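The structure's right below; bear with me while I get my questions together.
Chain IDs A, B and C follow the sequence of writing; residue 1 opens each chain.
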Amino acid sequence: MTDVNNTPDSGQDPSRRDFIHIAAVGATAVGGAFVIWPFIDQMNPAADTLAEASTEVNLADIDEGVTVTVMFRSKPHFVRRRTQAEIDEARGVDVSSLPDRDARNVNIEAGAPATDENRSALTAMVDDGVEVDDALRAAFLVSGANCTHLGCVPTGEAGAYDGWFCPCHGSHYDTSARIRRGPAPENLPIPPMTFISATTVRLG
Amino acid sequence: MKTIHRLLAAAAGVIALAAPAALAAGEYKKPEEHTWSFEGPFGTFDQAELQRGFQVYNQVCSACHGLNYLSIRHMGMEGGPFYTEGVAPNDNPALQAIAAEMRPIEDGPDDFGDMFERERRVTDPFPSPYENEQMARSANGGAYPPDLSVIVKARKGGTEYIRSLLLGYDQEPPEDLDIRTGNYYNPYMSGQVIAMPPQLYEGIVEYEDGTEATPEQMAHDIAAFLTWTSEPHMDARKRMGLMVMIYLLILCGLLYWSYRQIWSKVEH
Amino acid sequence: MSGPSTYKPSTGFEKWLDERLPIVRLGWDSFVDFPTPRNLNYWYTFGGILTVCLMVQILTGIVLAMHYVPHVDMAFASVERIDRDVNFGWLLRNIHAVGASMFFLAVYMHIFRGLYYGSYKAPRELLWILGVVIYLLMMAAAFLGYVLPWGQMSFWGATVITELFGALPLIGGPVTEWLWGGFSVGNATLNRFFSLHYLIPFLIAGVVGLHIWALHVPGNNNPTGLTAKTSNDTLPFHPYYTVKDGFAIVVFLVIFAFFVFYWPDALGHADNYIEADPLVTPAHIVPEWYLLPFYAILRAVPDKLGGVILMFGAIGVLFILPWLDTSRVRSMRYRPVAKWFFAFFVVACLGLGWAGAELPDNKVPVLGAIGVDFLLLGRVLTLYYFAYFLVILPVLGFVEKPKPRPASIEADVLGSKKSGDAAAPAGAPAE
């Protein structure tokens, strides 16, 4: 490149002449490509959205067989205290027979099998010095409330598996909120949760 | 066009000469010059300085001045006083401790429809010292302590103005200036009279990092902290600016070269 | 100017398209093989620069509107959120805010270039008038946009400018309330200003289309003011002027980027970082720098209606300029007297800007010793501003003796190459 400086006006050598034009157009194109990124990235969730506050749920107020729907990160979540029959039903399912065998639980390692133990509040973290009754943890199921098909909120205690039934396109979830039949591809996701007292769980 | 160039240059010269004179005609003193780590095109914030500045804000200023446009988590974002690489602001232990020590925040309604108070979290805003402007004025003899979120950008003189103002209480007022009770003479304030009493006394803050808390040190640190609150992305701005400038200058060179090549064949 | 089209569709698809929608042909004839005078200097690159400015403002503006909230309680906070939390929000807002100033900087260069080289004269009157329309729309967009952050200057600027309409006899009061949608600048005002601020740039883009169309009928003016006659007078637009404009655009972007990254608040006003407060007016309210000359003209008249008329007249006079200048010679390069009046006109505009920035009662440095304050300076320069258009240019055309002009653009280019600057007569504008 330096030798060209000696003959700035020459333009005798066609390849060298073309090189500079290609370099100029190329550099402009590369710069243009970089400029596009801020315009795209600004539509991603902003820092305040990403940092959205957590949600606390008082489990003591929820009776057996009752589902409470809470908002967490602007999305509804089911918090259900299941009956013993429902827990037994969920535990009796062979994981290998499930359409989605992944626990879909961010509290445990990714890809863990979708057993009921891996889905229930037994997987929730527990703050230091807090004692939580294991039976209580096993009874509670906390999951996202938007069908993994196209985002409708399924109806509770309905469907062929006594769990949830999505009225939009007919997905059936069982008592562990796992997909059993219908177009939905995945189990309802389990949000990050921590017991901050014996009966209070914090989502997020 | 050379004549025009000369005239334009002359006109610009006249304006440049006149500008300082116009400033001096104002009725307040120009802020004192001071050196900052974040000055110039390559200057960056000094994190220890920002942390000390936050301590001054938290222990002194926050009694009357809010930071309404900031949340506690902002201090853990990149470039912020408590930023730790690889740690999300929400998980930053220093910020969690700071949030927990601040005034509780009102939340709710709970399941019974009542509002309740809970511990402040990293994601919550800074506590506001007053509920509204009226309350602020009645507590301060009619004066309204301004919000400090963008104060450095909202005042001529910026960072240096803040520092000079905080240290500017020791000067003798001119005899013809009428200062009412509850007001103070401060030559850096517009109008030279300020309702805020002097704040930075020796020992009012005990720095966690062991730095001696002289009024000069505190004024320096709080001015730096408020510069950061006004422009939290300054470091990123200058970093990106350097890359953009280098790129544009290279592109300039390439295009000029290309231009010379193309025009070399014609007289113009 | 534009001769028969030289576009040759090279592929089957281009041929197919050309028979149905000759859009490639239009682009080719307008921006590739368009015959352009070979002697255009860098003052002629501002058209391209302005196109870039408009695109930058529209693109950043669309993106900022995704985050901005046009409500008096939330506007200021939403701007703060853009600066703090939105990804690259600080960058996009800096570009948009600095971009407004850069846009005006470029448009003033463009206008002064047109005034000097007589680009408004026949057959380019409509081209010039469309340009003035663009300039008016730009001022409207800039004013409306400045209101949106809802700082102190936003609020009081909006109040002062809308109050101007109160000067209209009889209908002044109702018109002002109609503009506000209330009894003062408020939420209704902010909402409509946002809506119009979003609309106007697209109107500008439309008029820019007409402006370019009107340019491509007679073709570019040039520093000699001579009409291009033969193909020796011109060069194809591409690659000669694409590369020259491209180089100038990048040089301009260096200045642009300097402000965006190293001095973003230099062109704004500190008071606009204080949230709007209808109870307190800032001590010294001034418009943005690019509107200061008009502010000085407004204040030059001690009468409300008179000031408003004069201020709008300052732009109105530009519309009739093509018929005010009686000279047969276009370019001031060959007008030894007009050149000096023009130079002083540029100084007068800068001086008006200065007078607009200062308090009217402040004394002008140096001249203050003989009692000249900024009000008087503003008045004298306002007088000159109007005299330039209404007296000097009309009269000069009859009394001035133009210097001999070259036979053609080609002769000018080749002649100056041979003789060089040293041979040019003293005082002649050297290119």
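Heads up, the rule we're going with is that contacts are C-beta pairs under 8 Å (C-beta built on N, C-alpha and C of every residue); 3 or more make two chains touch, one makes a residue touch a chain.
Remember, it's a predicted structure, so these values are computed and weren't measured experimentally.
Considering every other chain in turn, the ones in contact with both chain B and chain C prove to be A. Each of A-B and A-C has its own count of C-beta contacts, and the greater count is at A-B. Distance between chain centres (mean CA atoms), chain B to chain C: 34 Å. With centres set at the average Cα position, the gap from chain A to chain B is 38 Å.
As a whole-number value, the distance joining the C-alpha centres of chain A and chain C reads 51 Å. Of all residues in chain A, those that touch two or more other chains are 21, 24, 28, 47-48. For chain B, residues that reach two or more other chains under the stated contact definition are 248, 251, 255, 258, 262.
Counting partner chains per residue, chain C has residues 81, 84, 91, 239, 243, 246 touching two or more of them. The touching residues of chain A, when paired with chain C in their complex, are 21, 24, 28, 37-39, 41-44, 46-49. By the touch criterion stated above, chain A contacts chain B in their complex at residues 4, 8-11, 17, 20-21, 23-24, 27-28, 31, 47-48, 51-54, 58, 61.
Remark: chain C residues 59, 63, 66-67, 81, 84-89, 91-92, 239, 243, 246 touch chain A in the complex.
Those residues of chain B whose C-beta lies close enough to touch chain A in the complex are 71, 73, 77, 89-90, 111, 121-124, 247-248, 250-251, 254-255, 257-258, 260-262, 264-265.
Taken together, the chain B residues at the contact with chain C in this complex read 1-4, 7-8, 11-12, 15, 17-18, 21-22, 25, 41, 69-70, 74, 146, 149-150, 153-156, 190, 230-233, 236-238, 240-242, 244-245, 248-249, 251-252, 255-256, 258-259, 262-263, 266-268.
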